[in-house]
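Once you scroll down, you'll see the structures, which are given as structure tokens.
First chain A sits with chain B, and in the next complex the same chain sits with chain C.
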Partner chain A sequence: MKADEPTKVIQVLDDRAAQVWTKGSGEAFVCDRKSTAGSVTQRACAFCGSRVVLYPIADALHIVHGPIGCAVYNWDIRGSLSSGSQLHRNSFSTDLAEKEVIFGGEKKLEASLLELIEYYKPKAAFVYSTCIVGLIGDDVQAICRKVSKKTNIDCIPVDSPGFKGTKKTGYQAACEAAYKLVGTGDTSGISKYSINLMGEFNIGGEAWMIREYYERIGIEVVATITGDGRVDDLRRCHGAALNLVQCSGSMTHLAQLLEEEHGIPLKRVSFFGFEDTAQALYTAAEHFGDPELMCKAEELVRDEIAKYTPKIKAYRKELKGKKAALYVGGAFKAFSLVLALRALGMKTVLAGTQTGNAEDYKQLQDICDPGTVIVDDSNPLELAKFVLEKEVDLFIGGVKERPIAFKLGVAFCDHNHERKIPLAGFEGMLHFADEVAKSVLSPIWKFAPRHELRALKINTQIADTESP
Partner chain B sequence: MLEGTTAEIRERKALRVNPAKTCQPIGAMYASLGIHKCMPHSHGSQGCCAYHRSHLTRHHKEPIVATTSSFTEGASVFGGLANLKTALENIFTIYEPDIVSVHTTCLSEVIGDDIPTIVKKSEEAGIIPEGKMVIHANTPSFVGSHVTGFSVQCAAFVNYLAESNGAKKNVINIFPGWVEPADMRELKRIAELLGVEYILAPDTSDVLDSALDGEYKMYPDGGTTVSQLKAMGDSLATLALGPMASALAAEKLTKKCKVDHSILELPIGISATDAFVNALRIAGDVTVPRELEKERGRLVDMVSDMSQYLHRKKVAIFGDPDHLTPMIKFLVEVGMQPAVVVTGTKGKKWAQNIREICSEANPEVEVVPFSDIHYLHQWIKANPVDLLMGNTYGKYVAKSENLPFVRFGFPILDRVGHRAFPLLGYAGGLRLIEKITDAFFDKRDREDPDHEIELVL
Partner chain C sequence: MNPDNTTAQGTPAEGELPASATRNACKLCSPLGAAMVFKGVRSCLPFLHGSQGCATYIRRYMISHFREPVDIASSSFSEEDAIFGGARNFEQGVENVISQYQPELIGVATTCLSETIGDNMLGMIKSYQDKHNSSGPPLVHVSTPAYTGTHSDGYYGAIDQLVRTFAKPMTAKIAGHVNILPAMMSCADLRHLRELCELYQLSPTILPDYSATLEGSSWGEYHRISPGGTSLEEIEEMGSATATIEIGHTRAYLKNTPADYLEKTSSVKRHALGWPLGIRHTDQFVTSLSQISGNRLPESLKDERGRLVDAYADAHKYVSGKTAAIFGEPDLVIAQAAFLSEIGIRPIICATGAKVKKWKQLLSSEIEGGVADVEALSGTDHAKISARIRELKPDLILGSSKGYPIARELSIPLLRIGFPIHDRFGGQRILQVGYRGTLAAFDRVVNALLENKQDTSETGYSYL
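Up next is the complex of A and B:
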């Protein structure tokens, strides 16, 4: 863009107008819709949703029943760490060919499952069907039953063909699938103060950190679902006394099933930022009503905050006043990010998600400052437009947004599940501050035209005022 | 995964473990991105399109724009006619491309959507603005691979666009095959050095390696223009680089507009680049400039300097057929020994050709088309090699077998070099020798006991 040219107004798809909203504008906001045909949507499919949610269950076999591509694009792209088995990091596909498309792929699926189970001896197998499987008429359920019987290994179909909806639809299917294992294990010996950590995917080892917090204050973690997940943990997770659910969409359905059928209460938590993490610990301690737990929790929070605050303060000094835009998968993450950025002295001027619902956006609107633009299911042109208009310094998003930010000369922080750095917990806040600072404070932005121009303008203004 | 492979090779009938290929539409999308002001459109559910875009983004570290018909459950039952019409309408009003390049996905192929009919109906309904175009390619993934997707897309450019008015112009068409933007740039540089007028199609340079200029351009500056694509029919001759990716388009063009074509290997290494330069020289009726001869000389010189370190080194290599053929030729040229060659794409004839190329260097070479990385890994465990070459997915094998590893092919998700430096041409050969010897030497420097560390290599 030229120096004094006004920002070119980029048209928003008519159909989408109501999905963009500015705080304080008084207009209605629409979300949770299917993507408009012909838009450059940043959204993925239902299959992708179920695949990424179940993926961290490391001792299970994950096999994608469909043509090759569906399996390739999600091969080992997530930062979920496993402390043992790495089986889940392989890519298994039935690689359907024309023959199977015409005559059906059931035989191939059965043979694949039998071969893999014999070779890897997994604890269970998840079978994902992609879009064409239903169309060619494969009865995946029946094959799974048959193979389960033959091998004595639970083969669980995950019913989430991509066209069923966005990732969110896939989360539901993943929860249904995982739930098939729940209730089949022995729960003896589980403490009365026990929890499951749900919607925690152990990105960069986050689940290990959080687990350790709870253990330090005397609460047993029965299962982390699904980060560093194990089939046997899932089988006995119904023995826990409380479910803590992180991340708005992905695990809520499983937690609800556990509540309805096993009477386990659920509480929503977030482990992002000091406040949220502390609150998550208090929530559990409070729930069990044992003052000693609370005492220990407070002590832990004090210690941890004392440990990291001075370092965070140093970052705050450097980052104060910078403006951020965020475009992330779930709304819950967006809330936490707004708060965490605030803690770093930064202001959120644009917030959007791929899959938020009405309730989520209401909450998002409440916590944002006036003037913040809120978008649902956005596209690159729209995002670029707002980033320039709002003079953003930092963009937080996923793989598709990174190069756009960089082209605009804007710093970037990856807050999706492909990163390998733990951003959760007290320590995570430090990593977050460091990530943000590394990008925002990079000297390279000086050479980005936008900043060069800004600097030029300021200089000439100074010169103008100085000359008589 | 890392520890999950045994040396014993199991017979697998049914499945793919750690694939060495991916699906057709991503190839079609990549080819379409090399056309100026072209919007690639994925006719299917939105997931496929999102995946292809993300994958290309991870490889190129550039924004990848494409639209989708966003199939829902309804479309998957009743067909995607309505979706495509709405999509075209939206695309032309909002994103204003010159041309929309529709490719199918597995889903729309199984449903059996007839794209040309839908396009025709959209035309009749006035959805396609004056002077704008919609073209299409069929890319079901249950046949072919990402390479064939690229190939049918290139053929579609010819089918829809190339025309001839009878008067031949002194211009040479070049179909570059599936190579990096930096490689396309190199092809152009060579043609310009020779002083040949050319049309390169597609051309992703300045599209997928654009500068940070503070602007987000939905359609970057580069790309073959529609008028260039049309003019291809009037050119003197066509050079199709890479038989799998480019032959189809070249043959179509010969049939349609009587433009003679020759099918060449990608110019990787010495003799394959010689062949390309020579073909250009003859087609353009020019002489090879001294400067290019010197470049060649510098490559031969570097190989001779390093030959003692390269000689008889056993190489395991996987990738796409078009890349593998000249690369293996190059390895043989510099004295290395291809030991095992794997591709995910089908190709019996191709395999036979590779065996012939290796007949002197290693008559026992194991060549396996339509296979995967899991197989390659098992083979290496039983037959140790000195070097691994392939795309990023090879890093697991390299790590678990402690092998020097040179990345090449698609995708490369964890390094940046492929974005800036060509592997094609003599310059690319220099870079390959550098990469290969660096990989050997870095390992030595790291692992040699102190008393054996050598300063001068």
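Up next is the complex of A and C:
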């Protein structure tokens, strides 16, 4: 069969067979391995991971040391909002040319940093190394030290060349870099009931919503890391009494550093869906052990849920029984999504992540229904295969998954860093339901070939049974 | 406020403009251009030799513009491969691509990483093929280090390699067979180029032709590789054409282009033409089609041309004396500048991120009325373009979505053209070739100016 003809059978690559698992099959599941060459992974690179995580620090200068592509493809594409400085939305790059690749790019990096710091007056600078930097022998650390000294602005190298691994590797590097700032600011005046919100990137203003919840119940938010982030907040975040860590993968390392070296306990939370959001508020209230906090938290949860439940119920009525596939970056998100979909009466038939680890997948496997397919580090062909086999009604993923869904006449909901709509918190759940419903219930799908074919089949069946 | 102009504290940035770093690039990297070309070959899978992030970024960028599946494989280098070379990964990658996609061609482009390491691609391809007794699909390789060029170079480079690798030297000619080598155009442009050829009873081989692969229909079943594109056989037979039309002003001055190669190896006559936008350049294009086919201008085109001239007359007063800033790929910018100057708009800023030799000179040969008032910026970035736009305040900006921040800051209408268009739908359908495409472009220009005037007027007339 030719490659461009429609295909009924899509085979999973032998190399990847153990990364595809069906609940109830009793087989072993493998994850957390390097992408198979030529598999067309949906994963990005380590650099991308560090860039995503530090990006929202709005008053820092972010400069990508390397050739231009790595920098330009993530210029102002993310939905992470800042309440003030917009400096982070620029794409600065040393844009290495051939002569620098041959003779080294240190001079250009130094000059770039000096000029940019002078012009934009950032509070700190992050310098990201891309793949070729190590190869051409640039000592980024040394340049950063030199410029820091000259300008009195902290220049922090982020060591995450793409080949080092997936985004997850980059998260680690980002945490290391951010940690360089921690502990350098004044912590006086911070309440004893105070938290850092970690792994919350303020997509569509989510961090603002969540911050407001905590403030309403009497808990101070010292820093949201890194959503609507500021260098000075990072400097003093070690003054908080508790770290709440969302999005398990990206910020755990920083939270652990804060625990080890500053004795701040960490608790995992999620702000996706009613239950998780409520739980996240209770977790903090409980931690501080002040009954008044708990009382206020319960009140807030009651109010918020009462506000949105009728609408959610209405959506649930319409979405009930629909089948969903989800493919997201981290496993924590997948986990929350399965629950949120369930709250809307929907069933998850395919769940996958780019970079989940064994522990994450164990949890995911536990909460999924029998028959659900779970995939690790999947690719477009596999995803298409299961969308068709499982007759999926909705796909949740990012930009790279969107065309798979739309081509096959399947509804889609965007759930990554590029979205512009807040999906966290109580209000976010309503947005989520709305996003899902807008796509799933759209009248246009009846024209999609897959649905036309199905309708045709049903019609001929009816005709067959009707004819004598 | 535009972030490229404000400090971290939100106040206007002052002092000497930073010159060393690129601030908000007005270019993309070369493998993207190559991937686009490979998407225009039937059943071809693009393959980037390097670490996987580049492929993922490029896929996402193209998907956001075209809104189609864009599968690009990668050899997924690890740290070790970056040190010891990627031969092993290359081989495994190619094998996996073949077993998953069953492509008829694999288009291999290098990334900066594999180029810097100095991986010998041709050697690797050869040893792979030797090992497999040359069974399996052919591979073609284009060298695309981003540190020596931009996506434009990757685009033209890939066309070049496809022609040199596969087009067989031929002496026999097939009447009516013509090759078209387009600039980086929209899917609608490519379709219209075909239509124009067919109006002259010519059957064109368009390389690349991603008009269907990057703007296809809805599917009932999944396609491993999007249907459409120019087949390998068609590329092999390019030598049997009587002529090649090679589009792109910057190309016209070059020797050793693929059209030149076909002329030398198979005596296929090279017609080096500008982008057929505007009456002058479309006239030249159809004249070439006439010469190649021996047919006269078809009635339908004559009518289209007539309507276009009529539209120029109807609306000329609303555009006359206006000024515009244009940015994008060199050939796109020259084409727009030529067109705008033809209708009486001064293209006072002509900017490209590519480093183009004699950029102003190139522009001067296409802009009516000279270039004394034209700022020709090459090798520039968006921060510098924005600075010039702030200073000169043109009436209109033409370019990709990346012009939005400055357009918004100054309330200047932005006409989205080129790549990428990420904040509007239909970028792949914007028609800008032929009389029809020119008319569409003209209407867009006029209406953008009118809309702006109307929106900012006190009375807001609904009649004019």
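Everything below uses one rule, namely that the second predicted complex is superposed on the first by the 454 of 468 C-alpha atoms of A that agree within 3 Å, B and C clash if a C-alpha of one lies under 4 Å from a C-alpha of the other, contacts with A are read in each partner's own complex, and residues count from 1 in each chain.
In this section, a residue touches a chain if its C-beta (ideal position, glycine included) is under 8 Å from a C-beta of that chain, and two chains touch if they have at least 3 such contacts.
Predicted model only: the values in this text are computed from it and were never measured.
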item: First (chain B), second (chain C), both or neither touched by A:L135; value: both
item: Winner by number of chain A residues touched, once chain B and chain C are compared; value: C
item: Which of chain B and chain C A:K121 touches, first, second, both or neither; value: second
item: Touched partner set for A:I68, first chain B, second chain C, both or neither; value: both
item: Contacts of A:T224 with chain B and chain C, given as first, second, both or neither; value: neither
item: Which superposed partner A:D59 touches (first chain B, second chain C, both, neither); value: second
item: Overlap of the chain B and chain C footprints on chain A, listed as residue numbers; value: 1, 11, 13, 15, 34-48, 63, 66-76, 86-87, 89-98, 100-101, 108, 111-112, 115-116, 119-120, 131-132, 134-136, 161-165, 380-381, 384, 399-400, 402-404, 406-409, 448-450, 453
item: Partner chain A, residues of chain B touching it in the complex; value: 1-4, 10, 12-19, 21-26, 41, 44-55, 57-58, 60-73, 75-76, 83-84, 86-91, 94-95, 105-107, 110-111, 140-143, 145, 210, 212-218, 344, 374, 393
item: Chain B-touching residues of chain A, taken from the complex the two chains share; value: 1, 11, 13, 15, 34-48, 63, 66-76, 86-87, 89-98, 100-101, 108-109, 111-112, 115-116, 119-120, 130-132, 134-136, 161-166, 380-381, 384, 399-400, 402-404, 406-409, 448-450, 453
item: Chain A-facing residues of chain C, complex; value: 1, 3-4, 6-10, 13-25, 27-29, 31-32, 42-43, 45, 47, 50-61, 63-64, 67-79, 81-82, 89-90, 92-97, 99-104, 111-113, 116-117, 145-148, 150, 216, 218-229, 383, 402, 405, 422
item: Touching residues on chain A, where the partner in the complex is chain C; value: 1-8, 10-11, 13, 15, 34-48, 58-61, 63, 66-77, 84-98, 100-101, 108, 111-112, 115-116, 118-123, 131-132, 134-136, 161-165, 379-381, 384-385, 388, 399-400, 402-404, 406-409, 447-450, 452-453
